[in-house]
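Below: the structure, in structure tokens.
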């Protein structure tokens, strides 16, 4: 994947303009934590249309994308109830009005579609419990391709399968990333890794853009390698009002404000005018939050630090080959190495 | 702090009844709400060695941190592991989870569960509910599946509006004939009664009732004909004063899940 | 999985006696780092027979298990060449003598068998490149069940699949674990996670038995949850002479000594008499190493520390519910919570 | 320290030729041995923005740390990520890897590769080799697949003893007809020549030869009939003095992979 741009570091505006197109399929990579609201707001602000939107555990992200008239088709496993029981949220209203198609999977089958996509498979087996449920039988825009059935050649049993999902764009908010796009995320992951690796283009926003040194000392926290990422946005509070381990808890002040907006017939329209269309970017969103609710409210949800015990990645020799004396990785000298190569008999270990 | 001496309310009783289903040393898949109270109560009382598994991937977060939902950080806060979700579910599918609790908006006479929508047309829902989440995924995996929810005739209909998770399907051998593995639902627990399923017909049957609730009251709260067990219907064992104090003082001191909602 | 033993912490001798039985299938969970040599030596010492042995990137582990007459069947994707080109290693000698059946997979197809097992599937799709190779066509003890073919219901294409592998026992050596069995491992993982989760019984040896506090502060390093683990052995140098990040590099002194043992007709017999059968446990093995090669040799391969940057797992409130004032996780008071519950209308969130 | 002014040996030339196949900004799947030298050389010279991917799951370890094999800690030492192996391969399968180098013990006239065994009977191997490792897995995945190894008539037989990785199968359209995706092998590189495959017959064809090696010499080193390209056979571009110095001073200062073995 050749990627010759001078830099991947850009603004949310630039990333969404460049990489999200009308008609695309777009997935929120985050599970329930760190939802990428800055990127979602930007998509709504740029009035993208006709998207197929994937959200595993849909919450305000789904409501916003639907209310922003961005989404024609929704693929999900769970929808948090917004707007109270009577009125219902935007998904319900749009679905009843025939303006939104919804394809329901379960958590595991939703994940399996992404796992297939991440592996490059066209399908993936799923758990048999799905076959006799209405999740299997009732189909919306996926039609015949929502589920299929194959016969296991080893057991002879019929096994339900799901088709791969390879969304055009994955939106991901993480704790830290570097300028190459290496993105580190910890906490509850759900299907996040599969969502990233299955997607064709990945946009990462992060609380902090950090030195490569930080990333390379903690490689197991990197959930998506830099070369797969097209854009990196340093965006403090990029997931507000949702929570992020190490940074903050859910901002209930804002969430209750949002919940209350559903009660008007207009739904989220006036909230959008004030908070989405009315503000150019995330920095002004946070500034507006402070103007409206006060900085104390913002700080109230700030996390108290709880740091991981370090993992020691040390090896005996800083380099395998260019240190002094006989302290090579292999502990042998040149003669010994020549002998090893002669014994191996091949230039290339047939790996 | 809550009044430790007030009589138990139905939610506290429910949490206790659920907790009694949990054996020590077992692996328990926990759903949001009352099952979390029950799991933590069990761990603090008769079952200190259980492992609580959440679909977020967290397992065994520190005691006393009641999560708000199965997707919240409290499900992995100071947990010894956070797995990817697919691995978390796979543990059930491989038979390593002993008991799981599924919530329902509706449950029918054969233990089929609906958490998707109320109404006759999927595309024109009267009420759109949350959808499956992990409900379906757990339903044929866990060794012992227990369904937990409120009981009204609407919530206990003859046939659910949407089968999110398959229970005994159409009763009799229909589940087995459909090729489903897993043991099927073992029990339904509401504030008013504990129900099991008739071994042959797989129809829902009273197992025990909350003291003060008669078979007739239970029937009136049910949208289909309940089966009556042989002999006298036992009272559900009520929460002990010790457990009540533990719920109120330690497990749910703010009464988040075990205070009765205002009418 | 009810597990009522008083403690999982035991010796390698006890763990192997209790959990490894003649005829079992046994997998080495580690990829190329941290091979569980202490546990493997114990299996050889206890003269287990008729094992089916899985090793993805087989090295001295395979040679030893075969030379110990423990293994009838070998499942592998790669075999490091020991014993020089002419003589060949034990695998070659045993295979030619008809005493060992070898089933060859590729790295990906080997992994896919474990991934299927870890997921509880009976089969898993694999990459199409396998179908026209002799890896697919030439079959040993797996026969018809080595590979199968299914037709993808979405694309109509024929896709090769592998059967699940669920080994009876997984042997795993890690950097640290707690007494509950929570095992933390970092470095090159290969198929390690799948190998563990697919196996029925897991035996963990670790360099250090650590406090639960260390484990719970770094949950993403835990590759297998405690409840899946049957035995935990605190076994410093449990993987010697193979390397382990944070502890040591490969001990080339020992590895070359081993390699030289292949040159005799007896193969590894005299090496075994001295180092395996002749020593009761790992502590005496290390003592013997020091006697033979000197403590300087042991220390020469010791790692210099290189610690990970911490991840902050902090949240705003130490507990969601029992803190003071209104600083609850949700930032609402009792009245607000009651309202939320009333709005939700269910006791149990339909998750 | 090695003599920086001595003439290039064939291994150094080989590393240089391989490095020339690597374009800047590409993603490169690296096998053990000379490809590691080539990848690091490319990164230090004309292609500083490449990503080196190892099957161990490591990517882009710090420059200059030459791994001993694709499974050694140097493949992830100070690497920004360590993936599980299945994800590492999946990147190829999804088309994100631009070029990969496969080693061989034998390669035949259609670019089929053997790394399993020498002999006619799998169960009675004359020599048992390492097996596939990731060789087969990469063979139909990478956009551009380059085969690298030594050249003798035994190592370039008409038909390999065991097909570890499928190249052009039996030539012509046979690969396509077998349903394989991927572009098939693009080139074979030995110390003596660079070879490609005839567009129609898919038979191995000389592309360029190391200066001093004639077509006849190359043919003598090959166990099947080599195709001759139209017109004059170009010389393979030789390693520049700058690159030679970089290999000897920085990439492989101890000559582990680029010192000629004693005869």
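Going in written order, the chains are labelled A, B, C and D, and every chain counts its residues from 1.
Note that in this section a contact is a pair of C-beta atoms (placed from the backbone, for glycine too) under 8 Å apart; a residue touches a chain by one contact, two chains touch by 3 or more.
Because the structure is predicted, anything quoted here is derived from the model rather than measured.
Listing every chain that touches subunit B and subunit C alike gives A. Ranked by separation of Cα centres from subunit D, the top chain is B. With each centre defined as the average position of its C-alpha atoms, the distance from subunit A to subunit D rounds to 36 Å. For the pair subunit C and subunit D, the distance between mean C-alpha positions equals 31 Å. Between the Cα centres of subunit B and subunit D there is a gap of 58 Å.
The residues of subunit D that reach two or more other chains are 55, 58, 69, 72-73, 76, 78, 82, 86, 93, 129-131, 133-135, 141, 164, listed in rising order. Residues of subunit A in contact with at least two other chains: 78, 81, 85, 119-120, 127, 157, 186-187, 193, 217, 220, 243, 245, 249, 306, 313, 315, 329-330, 351.
Judged by the touch criterion defined above, the protein chains form a pattern that is neither an open path, a ring nor a star, and not fully connected either.
In this structure, the chains touch in the following pairs: A-B, A-C, A-D, B-C, C-D. Subunit C makes touch with subunit B in their complex at residues 1-4, 118-120, 166, 178, 180, 182, 193, 197, 212, 215-217, 219-220, 222, 224-228, 313, 315, 319-322, 328-330, 334, 337-338, 341-342, 346-351. Residue ranges of subunit D in contact with subunit A, taken from their complex: 11, 14, 23-27, 31-35, 49, 51, 55, 58-60, 62, 64-70, 72-74, 76-83, 86-87, 90-91, 93-96, 98, 101-105, 115, 129-131, 133-135, 141, 148-150, 164, 250, 252-257, 259, 261-262.
Against subunit B, the residues of subunit A that register as touching in their complex are 31-33, 57, 76-81, 85, 88-89, 91-92, 95-96, 98, 104-109, 111-112, 115, 127-135, 138, 140, 157-158, 186-194, 243, 245, 249, 306. Chain contact summary for the complex, subunit A toward subunit C: residues 78, 81, 84-85, 119-125, 127, 145, 148-155, 157, 159, 161, 163, 175, 184, 186-187, 213-214, 217-218, 220-221, 243, 245-253, 256, 300-318, 327, 329-332, 336, 343-345, 351. Contact residues of subunit D toward subunit C in the complex are 55-58, 69, 71-73, 75-76, 78, 82, 84-86, 89, 93, 116, 122-125, 127-137, 139-141, 162-166, 169, 178-182.
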